[in-house]
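Letters A, B and C name the chains as they come in the text, with residue numbers starting at 1 for each one.
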Amino acid sequence: MISQFAALSVVLVSAVALAIYGMRHQRGQREIPTMDAPVGTPAQESQSGERPSPTPFSRTHVQPPFRAFSDEVGRVAEAGAAIHVALGSGGLLGEQGMVSIAALQGLDALVTLSAAYDTPPFMTTGDATLYLLADTQLRSGYARAGNLRGYRHTAVQFIAPSPLLYAAQAATLAADESLGTNINLGAFDQEVSLLTDAALRKNVKLYGGAASALGLAALYPDIGREQLIMGEELFAGGAEVIGRSAFWGSLHTENLLRWLIVVAIIVTMLVSLSGTFMAGGG
Amino acid sequence: MQGTLGIIVGAVVTLIIFSYLLGDNVLYRWALALLVGSAIGYALGVAVDYVREWIVMSLLEQDLAVSIVYAIPLLLGILLLLKGFSPNRFLGRMGIVGNLALAYLVGVGAAVAIAGALMGTLIPLVIATGQLLDGPGLAAVAQRLVAAVGTILTLLYFAHRPRTVGSDLEPRSWISRSVRALGGAFLMFGLGTAFAGAITSGLTAMVIRLSLIAELLRPLIGQ
Amino acid sequence: MFKNFLPTLMAVAAGFLVLLGYLVPIGFLPTLRQVLVRWATILAAFALLLAYANVLRVHIGRLFQKRAPYRVSSAILIAASFAILVLVVLEGPNHTLVQTWLQTVLIPGQSALLALTAVTLALAGTRLLRTSRNLYSVLFLLGALLTLLAAVPVAYPPIVHLVMQFVDAVATGGIRGLLLGVVLGILMTGLRIILGIDRPHSGG
C-alpha cells in the first residue's frame, strides 16, 4: 500500500510539473530554474505550441544522432541505397512499450522526410503490436506528405516474435537489400550484436540506441559514444525532433524528478544510518 | 530412440547456426527460416487458441452484461483487422477506425508501463540504494556507499546534454562538468560489466550446445 | 473524429482506469483493471494475426520475385509457420508433437543463436580495443575484463576478493543510475499518453 501511495504521489507531481513546464515553455520562457537544464528552446516553434512544420530542421539545437537520422535520408537516397530501422522487440503491453514509442518519436523526422521523398526505410519489429504502431506512423507520414497512394505495405515488416530470432532474421536484410544505413533504436538486449555485426560485414553505416544495459553494452563497441543514444537520452528524441512544448516540458519534469530521487536516496540513507545508531544506543 | 533423434536434430540445427561464423550461407538461412517460421506459427497458434477460448466463453454466457464484456475486445479486434488492408482500397480507408483499437492498446500499455516502472523499479531501487547498513562490517557499508554515490552521479549524468550544439547549452560550471565526467565513468564501467555478462551468458549457451553434441558423438568415436 | 478525437479519448480513458487500478487498489478498480488488461491481451492476439498477414505478404512476394535471393528460405518460413499453426490450432499448444518440435528444433536453435552472440560480442570487443582509445572505452573494457576475471573459478587472495566487491559496487551504481533514468523516461512518455498530449496511435 505504501508503494502504491508513493507511486501515486510521483504520478501526481509529474503531471502537475509537466503541465507547468509545458505551459511555461509554450509561452516562450527560456529561463527555467533547473540546474541541469539540458535543453534549448526551439528556435522557430510557433507560439501556439503546435508542431511548427513537417520539417525538423527548424531547430537550432539538436542532438547529433537524432539530426543525423534525417540527414541520412538524403545521403542514402543519393547512393541508391536504403535505410534499415530496427525497432526491437518492445511490445506495447510491456514495460518496454514506452521505449519503443520514444524510439518512434525520435524517428519522426526521418519518417516525415522519407515519406516526402517517397524513399521509405525498411522498418522491422519483433513484436506484433509494435509492428502496428510503426505501420501507423509511416502511413501517417505518407498521409501528411499527401502521398498516401505511394505507401507500401511491406515497408514495415514484422520479423519474428522472439528477440533472438528477430535480430538474426533482421540481420539478413543487411545482406539481401542494398542498405546504406542501419539504425537500431528501441528495446534491445545483447541480441542486437547480431544486427551490428551483419551491418559491419557489409560496411553499412551504424546508428543505435537502447534503454537496457545489455543492449547498450552490445551497441557501444561498434557504434561509439557519439552515435549512440543511451538510456534516458532515447526519451529526448521527441523533444529534439518534434519540438512540441509538451516534450520539452517532459524533459524539465524529468530533471525535477531526478533531484527528487537524489533527495529520496539521501533521506533513505540517513534513515538507515539513524535507525542503526538508535538501535545501538538503545 | 525419440530422445536420440531429438538430440541429433538439435545438434544439426546448432551446427548449421554455428556455420554463420564462417560466413552467411544458404544452410544458415534455411535453418533460420525454419526457426522463424516455427516461432511465428506457434505464437499465432497460441493466440488463435486464446481468442477461440474467449469466443466460446462469450457464447456460453447467459448474462447479457457479461456477454457484452466478452464482446467488446472482439469488436475492437475486428476494427483492428481493418488496419491490415491497403489504404488505397475501401476497407483500407476504413482502417482509420482501427486506430480506436490501437489507441486502447497504447493507453493500457502506458498505464502498465508506468505502474511497472514505478512500483517494480523506481521505488525498490531507491530503497535498495539508500540502505547502507544491510551487511556486516565496514567494507560492506563502503561498498553500498560507492554504489549509492555511483547511482546518484550516473542519474545526474543524464541531466546534462553532452552533445548539444551551441555553447550556451554546454554545462558551464566545473562542478557540473565533474559530476558528468564521474557519472559517465560509473556508467561506462557498469556497461563494461554488462558486456562481460552478455559474453558469459552466450558462452554458457555455447558450452551447453557443444557438450550435447559431444555427448552425441561419444559412442561414434568409441569413448 | 476517428483519426484523433475518439482514439485519444479511448487511450486516455483506458490508460487512466488501468493506472488507477494499479495505484488506488480499492473497490472495483483492481477488478476493472484486470478486465481491461485482459481485453488488451485479446487485442494483442488480433495484432499477431495482422503481423502474420504482413509476414505472408513479404515472403510470398519474395517467392514471385525473379531476382530475389534465398527464395527457398521464404518457402521454408511460410511452410513451417503454416504447419505449426495448423498443428497448434487443431491439437492445442501442449500436444506432444508441438512440444517435441519446440524442444528439438526451436529451443536448441535459439540457444545456438544466443551462443553466436558471444562471438559477435567478442569480435566487437576486439574492434573497440583496436579503434577507440578514449577514457570511457578504457573504463568499459576494464569493467568487462575485471568481471570476466571474477567469473573464473580461481581461489583469489582476500584482497583481490575485496577489490572485486568494489568493482561490483561501482558497476551497480552505474547500472542503477541508468535504470532510474530510463524509468523517468518511461514515466513521462506514458503520462503524456494518458493525459492525451501525445497520440502515437494516430501516427504521432
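The criterion applied here is as follows: a contact is a pair of C-beta atoms (placed from the backbone, for glycine too) under 8 Å apart; a residue touches a chain by one contact, two chains touch by 3 or more.
On a predicted model such as this, the values are computed, not experimentally measured, just so you know.
Student: Using the definition of touching given at the top, classify the network of chains in this structure as line, ring, star, complete or other.
Tutor: complete
Student: When B-C is set beside A-C, which has more C-beta pairs in contact?
Tutor: B-C
Student: Taking each chain's centre as the mean of its C-alpha atoms, give the chain farthest from chain B.
Tutor: A
Student: Between chain A and chain C, what is the separation of their C-alpha centroids in Å?
Tutor: Centre separation, chain A to chain C: 15 Å.
Student: Could you tell me the distance, in whole angstrom, between the mean C-alpha positions of chain B and chain C?
Tutor: Here chain B and chain C have centroids separated by 2 Å.
Student: Which residues does chain A have that touch at least 2 chains other than itself?
Tutor: Chain A, residues with two or more chain partners: 4, 7, 10-11, 91-93, 95, 98, 101, 129, 132-133, 135-136, 139, 153, 159, 161-162, 165, 168, 172, 190, 193, 213, 216, 218, 220-221, 230-232, 258, 261.
Student: By residue number and range, which residues of chain C touch two or more other chains?
Tutor: Counting only residues that touch two or more other chains, chain C contributes 19, 22-23, 37, 40-41, 44, 47-48, 50, 52, 54-55, 70, 110, 113-114, 116-117, 121, 125, 136, 140, 175, 178-182, 186-187, 189-191, 193, 200-202.
Student: Which residues belonging to chain B are in contact with no fewer than two other chains?
Tutor: 29, 32, 35-36, 39-40, 43, 80, 83, 99, 102, 105-106, 108-110, 112-115, 117-119, 122, 126, 129, 148, 151-152, 155, 158, 187-188, 190-192, 194-195, 197-198, 201-202, in rising order.
Student: Which bits of chain A are touching chain B when the two form their complex?
Tutor: For this pair, the touching residues of chain A are 3-4, 6-7, 10-11, 35-36, 38-40, 60-65, 91-98, 101, 129, 132-133, 135-136, 139, 148-149, 151, 153, 159-162, 165, 168-169, 172, 175, 189-190, 193, 198, 201, 213-214, 216-218, 220-221, 226, 230-233, 255, 258, 261-262, 264-269, 271-273, 275-276.
Student: Using the touch definition from the top, list the residues of chain C that touch chain A in their complex.
Tutor: 19, 22-25, 37, 40-41, 44, 47-48, 50-52, 54-55, 57-58, 61, 69-70, 110, 113-114, 116-117, 120-121, 123-125, 127-128, 132, 134, 136, 140, 175, 178-182, 184-193, 195, 197-198, 200-204
Student: Contact residues on chain B for chain A in the complex?
Tutor: 24, 29, 32, 35-36, 39-40, 43, 80, 83, 86-88, 99, 102, 105-106, 108-110, 112-120, 122-123, 126-127, 129-133, 148, 151-152, 155-156, 158-161, 163-166, 168-169, 171, 176, 187-188, 190-192, 194-195, 197-198, 201-202
Student: Under the touch definition given earlier, write down the residues of chain C that touch chain B in their complex.
Tutor: 2-3, 6-8, 10-19, 22-23, 35-50, 52-55, 70, 72-74, 76-85, 87-89, 92-93, 98, 100-119, 121-122, 125, 135-137, 139-148, 151, 162, 165-183, 186-187, 189-191, 193-194, 199-202
Student: Looking at the complex, which residues from chain B come into contact with chain C?
Tutor: Touching chain C: residues 2, 5-7, 9-11, 13-14, 17-18, 20-21, 26, 29-52, 54, 69, 72-74, 76-78, 80-81, 83-84, 96-97, 99-115, 117-119, 121-122, 125-126, 129, 139, 142-144, 146-155, 157-158, 183-203, 205-206, 208-209, 212 of chain B.
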